[in-house]
Amino acid sequence: MNQMTPPAQPDPALPPAVSVRGLRKRYGKLEVLKGINFDAHRGEVVSILGSSGSGKSTLLRCINMLEIPEAGTVTVDGTEIALVTRRDGGRRPADPRAMDQLRARIGMVFQDFNLWSHKTVLGNVIEAPTHVQKRPRAECIAEARALLDKVGIADKADQYPSRLSGGQQQRAAIARALAMNPAVMLFDEPTSALDPELVGEVLRVIRALAEEGRTMLIVTHEVSFARDISDTVVFMNDGVIEESGPPEEVFAAGNNTRLARFVEG
Amino acid sequence: MDFEFLSQTFVALLPGIPVTLELATLSLMLGAGLALAFAVVRVRRLRPLNWLVIGYVYVFRGTPLLVQLFIIYYGLAQFPEIRSSFAWTYLREPYWCALLALALNTAAYGSEILRGALLSVPRGQIMAAQACGMSGFLLFRRIVFPIALRQALPAYGNEFILMIKATSLASLVTLADVTGIAARIIAETYRPVEVFVAAGTIYLAISYGLILLVRVAETRLNPDRRDPAPVAGVGAARKEVTP
Amino acid sequence: MKVTRLTQGTAAALIALCAHTFLPAQLQAQEKSWDTIRIATEGAFPPFNLTRQDGTLDGYDVDLSNALCERMKAKCTIIAQPWDGIIPALNAGKYDAIVAAMSANPERAKVVSFTIPYAAGGVTFLTSKDNSLADVPYVDTLIRLQDPKDADKLKAALAELNTAFAGKVAGLQASTIATEFFHKYLPDVKIREYKGNEAELDLAAGRVDMIMASLMYLSDLVKQDGRENLVLFGPRFGGGLLGQGAAIAVRQDDDALREKLDAALEELKADGTMKEISMKWFGFDVTP
């Protein structure tokens, strides 16, 4: 990886890449998010830590509206996603097309990769650029090959996902998300479904992206990795943010017993 | 068994093959179109269409095709309103009645196959498409339908073969398909055994050709399944972190 | 109409196959005596034979069969068998005789043996009153095919029919003498073949313009409720391939049975029993 480029610094002068205010989400009686506020600035790498059920994955899914929050606002790259209240009390996007356009600018990487099984790796990567962004196919293919080279699986371009290892699939999924040239990348526990020996190759790719200065939100259990690459660490517990700040401050000893217990794991 | 008579019969039955194939092909195409529409209505639970489709599938799967054919052919003809309507141009012809009955019947079975296939599309792959900004028809056309089709193909291949054989009922409304010609030869010769053996052989050959076609389509659509796929490192060791 | 994916013809073929395998020994044992006889009829061709709502068989054929058995002092069972498999199943040994308004024509005589005829009336045509064919008058004289005396009449009648039938469709029951008649004498007329008597339904629906069947059957049909719209037309044909009338069919090697039936038929004819049964079912005498 390119060690010569210094890590990009967040720029607080610009509006935040992602801004979340008063976010609440419940599944039936269970309230998963109890009023979340946070900002991620351009070029900032934010790691979201927390135990299972703390609401961190739900928070990530609310940002690109794969889950619709009951209350609160999400602003991505200066655009607020307008929600209107349905007759049954839930909410839905006011303009589905605007939501699609916004989602196209948010790259998402899933725990289970979720590559499209009927398409080759290359087919997965060029699908959205050609059919959502409607860019010329040849241009998309060239870009896709460059991205696959970047994540180290250029030789797998014509393979189907089922022929790839988990680490290769996750790297293909990262290339797929990058192909849309997103304003922000969301990683939802990107290494949790991988065999231990395959975790490293995926983390290396994510680290390289962090060093490029991309805005990224990473939900993860890899504490040392988070400490290493993050500008900001957010610790969630029971639907609220308990700690938030630069890793050296958040991980300072004795600050939060729950966090300390989580870190010791 | 008189082999000379058998081969004569075989030759005499050949002109019925185009009728049989045409009925099967057209009814399957029409039926598949309807089936897809019905399956989408069911999966999306579009009310009140959803209830209509449930009722339709219940009736057409719960009654014999022969009854459906006779109701369409003889039943509808009882109503003077139908006989004086535009539809009579088609309904007065046994061919269109048979085609309609076959298509409506296979649509009921096909819609259930496709519904199951649509429901089996992994939620995560749909979510990944939504996260890329795909929705509505684009999402259906590019992601959901192709995955569902691969899932549905083996079961739908079965339906193809059932329909080839079901076309034989068209002979009961006077069509000269393979079975229709066979019935006529039996009427003239009073030798059912040889004639049915010849007709059965023809159906067997058509079905076998169809099985091969479906197999080719399956291999084409699932290039990754051509030989056993090495799956490594997926979900084998899912780490659960507890405080 | 039985509702099954197996066509009735297929069923008949299966029965025939099974029968070939299992029956010969039983047949041989029975060859001489004929004190029990199994008789088949169609059960769907009133007034010759019909099935009552409770499933019992009735009609001219059934009454005649019972009268015959009484004369022959034989124990009889009468069963219903769909028309299109009725001859194969006889030859397969499923039963011993067919009493089902079957015309004794040369084509059938190649595969079965016929008794002397027990009903004669010839075949004629039926159409609906709103069809232009209804303008062709009904002629109540029998034209005998292959009878030199009737040759001119036949020629004239066929010429007239060929003109009247241009663009018309005839609905015929498959494996009947009517079908053979059209094949041989009116080959240019379009026909549709039905398994049973559904051609009547299509005549009512207007899908076919006419049907052709035995006079005795048709003259009863037009008397039924709801059939007021139907009318007989054209000449009446008999003889030749149409046969000499309805007769009982038995297997070709069962000469003893045929002779026994012939004798009994002669008796019924002579003592007026046949006429009596005929009057009951047709309202006129069909005794040949």
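When the chains are written out, they are named A, B and C in that same order, and each has its own residue count from 1.
Basically, contacts are C-beta pairs under 8 Å (C-beta built on N, C-alpha and C of every residue); 3 or more make two chains touch, one makes a residue touch a chain.
Labels paired with UniProt names: B = ABC transporter permease subunit; C = Transporter substrate-binding domain-containing protein.
Quick caveat: nothing in here was measured; it's all calculated off a predicted structure.
Ranked by how close its mean Cα position lies to the mean of all protein Cα atoms, the top chain is B. Of all chains, the one whose mean C-alpha position sits at the greatest distance from that of subunit C is A. Per-chain Cα centroids separate subunit A from subunit B by 44 Å. Subunit A and subunit C, compared by their mean Cα positions, are separated by 83 Å.
Inter-chain centre distance (subunit B to subunit C, centres taken as mean C-alpha positions): 40 Å.
On the subunit B side of its complex with subunit A, the touching residues are 122, 124-125, 127-136, 138, 142-143, 146-147, 150, 221, 223-225, 229-243.
Of all residues in subunit B, only 64-67, 70, 74, 77-78, 83, 92, 94, 166, 168-169, 171-172, 174, 179-180, 182-184, 186-188, 190-193, 196 touch subunit C in the complex they form. Interface residues of subunit C, counted against subunit B in their complex, comprise 1, 3-5, 7, 9-10, 12-13, 16-17, 84-85, 87-88, 91, 107-108, 111, 171, 174-175, 179, 192-195, 198, 201-202, 204-207.
The residues of subunit A lying in touch with subunit B in their complex are 51-52, 64, 66, 96, 99-104, 106-108, 110, 112, 114-118, 127-128, 131-132, 159-163, 165-167, 169, 173, 176, 180, 192-198, 221, 258, 261-262, 265.
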